Amino acid sequence: MTALPREILICTIARLLDGVRHVAVGASSPMPAAGAMLRRALDDGARPVRLSILGSVEHNFFTNGSAELFDSAGQGRLDAFFLGGGQIDGRANVNLVGVGDYPQAKVRWPGSFGSAYLYFTVPRVILFREEHSPRVLVDKVDFISAPGVSEPDVHRPGGPVALLTSKALFGFDRARAGFALESIHPGHDLDEIRAATGFAFDHAAAPATTPVPDAATLSLLRGRVLDELAETYPAFAAQWRGDLAAMTSEGATA
Amino acid sequence: MTALPREILICTIARLLDGVRHVAVGASSPMPAAGAMLRRALDDGARPVRLSILGSVEHNFFTNGSAELFDSAGQGRLDAFFLGGGQIDGRANVNLVGVGDYPQAKVRWPGSFGSAYLYFTVPRVILFREEHSPRVLVDKVDFISAPGVSEPDVHRPGGPVALLTSKALFGFDRARAGFALESIHPGHDLDEIRAATGFAFDHAAAPATTPVPDAATLSLLRGRVLDELAETYPAFAAQWRGDLAAMTSEGATA
Amino acid sequence: MPDDLRALASRVRPGMSLALPVDYAGVSMAMTRPLIDHGAGDLHLTCVPTGGLQVDMLIGAGLVRRVETSAVSLGEAGGAPRFNQAVRDGSIQILDATCPAIHAGLMAAQKGVPFMPMRGLIGSDILANRPEWQVIDNPLASGDPIVLIPAIRPDVAIFHAPMADREGNVWIGRRRELAAMAYAATQTLVTVERIVDRSLLADELTAAGTLPALYVAAVALAPRGAWPYGLWGEYAADTAELMRYAAAARTAQGFADYMAQKVPA
Amino acid sequence: MPDDLRALASRVRPGMSLALPVDYAGVSMAMTRPLIDHGAGDLHLTCVPTGGLQVDMLIGAGLVRRVETSAVSLGEAGGAPRFNQAVRDGSIQILDATCPAIHAGLMAAQKGVPFMPMRGLIGSDILANRPEWQVIDNPLASGDPIVLIPAIRPDVAIFHAPMADREGNVWIGRRRELAAMAYAATQTLVTVERIVDRSLLADELTAAGTLPALYVAAVALAPRGAWPYGLWGEYAADTAELMRYAAAARTAQGFADYMAQKVPA
């Protein structure tokens, strides 16, 4: 079976979530949600994986209002979280506020949400942004919604562990405050990554290729996970099913 | 109609509660509760008086656990509260902890409960202790659960306004940090009060007598209020009814 | 427009601070037009902890001086056009926050204390732009910087809930940020889907999700009062309408035209 | 004694700190004898915010090193005899508090902060005897002393509730101090009147009063598990039994005799 690009991303996310007990994803984040659902399916019977989808009624087991997610992070009960960002820079600083001089930004985004807290308190924060371009991955963000690293005296049990884009997976080294290229997704190459990345990063001379899911994982993903996902993200699930159907018919006619 | 001594106390409490919107009483405080219920009955139609009886399911409109009473006081939403005390001294310091050297007190009482907070935050705290003796009304408490007065820089919107015992009513002057005798209950006199009080207090040469309730108030008290009270304090209400019956039959046979 | 919504709106006076809930918690959209018609301006909005359509409309109507928020957006329908424009123009002051900082400020007001400590924030430009948020060295463990968030005490909190009883108790379910807003605010105005005859405090099952009348200044009936937002356990959001607004409100004129339309029954 | 109560008790290890609720909130009296039989001692008890029969029994059984509380009593049945004796003897350390200080310490743990500020207390001997409670000058307004209460992070919270579901969600109604204990504690052990098949989170009405399984380490069935205390909405306290205990436990021997009796079915 051939994996779709988004399936490789979802399986990569599931891999990054190995071992978590509780992961939260934003309201409109189908790919992280799918990755977490795949993680839960893979760990079925071995370890319970709790998934909170913010703003969802269905996948919200909180009962103390919108503060409870943050409280649970402060208590050390939230293991993993995803952050996007209009801009992400080479020190893993995240900007969710805008482009240009603050406060009268040229481009204004919604705002920082809970990033300035969760980035400090959640041990495994995964930066996830599909667009991999110099516009997003900048040398220095215009506004720091949440900093990638902190001085040693700052209480910070959490922080970034990885940056996943449509082209590649980077790991983040907190000591060095920089990214290292871990793998390039099939169909992309180092030159392309270099050109698309606005910050400097470490990499092997011949970087690894991001692993493609095996048949068992793919079938779990296209079965149980896709069904679960469809409840919360029907449009995303429908498009995915459409692409799978197209791929199958292409395969049939090839 | 002749008023029972406890009825004079209850009516005095209702008088002290004039104008409150929200009053809280302890779990086993039938007289303060009766005073608050009388206040509510007197204000019926004019102003809603909310009554919280701590630990009661019936008279508990809180829905955020046992912290909510204190939170509501901190928000300025609690106008009046009652404090007792194993010892009360002339500066209105209250001791709910014990007699003798702390911590290995000779006599240990349950503890300070919420006094060290509510005494600071509730504008109208009424000290209520039926026993009027040098053992209770002391010159200086052995342990300050909650101080009667504070330095001017201490945030303190609340504090004591009065001390009511089975013998007399005192007002408290925060500026002078001392009590003044306001009135003596019928059947008692100044010499008796002096002998029974372990601290010095101001008083008029001929102190007033605590007013006895008029017929309308007494009938409200023995009707609606006694019925309401019986729901939460059945034993107290039954004894009261018994005393009323005895008084009536005495009157009939006199 | 029902008189009682008008009466609720009339409690808001120019210059007041208003606390408004996040999209999915119960936004009293029914109060939006009464507030605009009433016209009290120069408002300070506190979004608990983020804002959306209602905030965008109040800004578009020119009633807002300042917004404290962790974000303003229309969710799936994209950015909040009148908010974004006002920020670019500098016609409103923006106090960027992060969700738990707003919760912390309300909690300080709930507890009657001047501040709450909060982890995180240090090194962010959010903190750099909030001079009233102080960093102190944790007095209980030196060499441990921590941020203090001042209490947020809104003049008025406004939200929409499924039901209230005749005593003014309001059922908020597990959306306890609505209680937090009410505890912190001086007065709380609530619209509801329905008014029930039986006291919500009469049994423990409904009592568990009830905000007591102690905190509620006024209640008004407003069926489907969160529309076009949804109300948890009641009805879903009308995404098409949010999209229609988002498209219309890209310009000031488009916003004015949208707002001039009759509200659907 | 059911095996599952024994299993719950076995999670308590010597030297641990235990959070126990106030009389009327839901005391897991069913866990008292299993804890005593299990025998893990040297315990630090935190009463949320006051203690009663369970605390007195654990002290009488010699399992307690230290008690932090705002009061210990048997309510209508009078003083707590084993507690009072232990305080006089100096055989336990007493950390006298005031109710909202205990709530503040738990809230700090809930919020993941090292302390909470609190009004009141200044000038009391409670404060004078708690060197770990610090008075600082409010950094946001000078000349304003305020107390900081350090976070209370119990190892184990133990309480009794009406019901749990098969996923481990527990219905606590409006007794939200039980949630506060669970948020603050590392693990929470719960006994319940009954286990229900339907998820408590499946509808908003029950969800409103539910503590999610995220915070619950183990649940065991214990019908009438608060006896002789009552359980709100379920059954009243057995005052006669509390009186019987109060009379018996005036002496160490009387306490031992009482505890040696078979528990009524």
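Letters A, B, C and D mark the chains in the order given here, with residues in each chain numbered from 1 onward.
Convention: a contact is a pair of C-beta atoms (placed from the backbone, for glycine too) under 8 Å apart; a residue touches a chain by one contact, two chains touch by 3 or more.
For reference, the UniProt names are A, B = Glutaconate CoA-transferase subunit B; C, D = Glutaconate CoA-transferase subunit A.
Here the structure is a predicted model, which means the values were calculated and not measured.
Q: Could you pull out the chain whose C-alpha mean position is farthest off from that of chain B?
A: A
Q: Taking the mean of the CA coordinates per chain, how far is chain A from chain B in Å?
A: About 61 Å, centre to centre.
Q: Round to the nearest whole Å and give the separation of the Cα centres of chain A and chain D.
A: Between these chains, centre-to-centre, one finds 41 Å.
Q: Would you kindly tell me how far, in whole Å, the mean C-alpha position of chain D lies from that of chain C?
A: Centres of chain C and chain D (C-alpha means) sit 36 Å apart.
Q: Enumerate the residues of chain A that touch no fewer than two other chains.
A: 62-64, 74, 121
Q: Enumerate the residues of chain D that touch no fewer than two other chains.
A: Those would be 107, 111-113, 118-119, 144, 146, 174, 179, 207-210, 232-233.
Q: When you draw the chains as points and link the ones that touch, which shape shows up: line, ring, star, complete, or other?
A: other
Q: Determine which chains touch and list them pairwise.
A: Here the touching pairs of chains are A-C, A-D, B-C, B-D, C-D.
Q: Applying the document's contact rule, which stretches of chain D touch chain A when the two form their complex?
A: Contacts found on chain D: 109-113, 169, 179, 183-184, 201, 207-215.
Q: Which residues, counting only chain D, touch chain B once they are in their complex?
A: Counting only chain D, the residues touching chain B are 22-25, 48-50, 69-73, 75-76, 79-80, 83-84, 87-90, 93-94, 96-101, 103, 107, 118-129, 143-146, 174-180, 232-233.
Q: Any idea which chain B residues touch chain C in the complex?
A: Per the touch definition, chain B meets chain C at residues 22, 50, 61-64, 71-77, 121.
Q: Which residues of chain D touch chain C in the complex?
A: Listed in rising order, the residues are 104, 107, 111-119, 132, 134, 136, 138-141, 144, 146, 148, 150, 171-174, 203-210, 232-233.
Q: Give the list of chain A residues in touch with chain C in this complex.
A: Contacts found on chain A: 27-28, 55, 57, 62-67, 70, 74, 96-98, 102-106, 108-121, 143-147, 150-151, 153-155.
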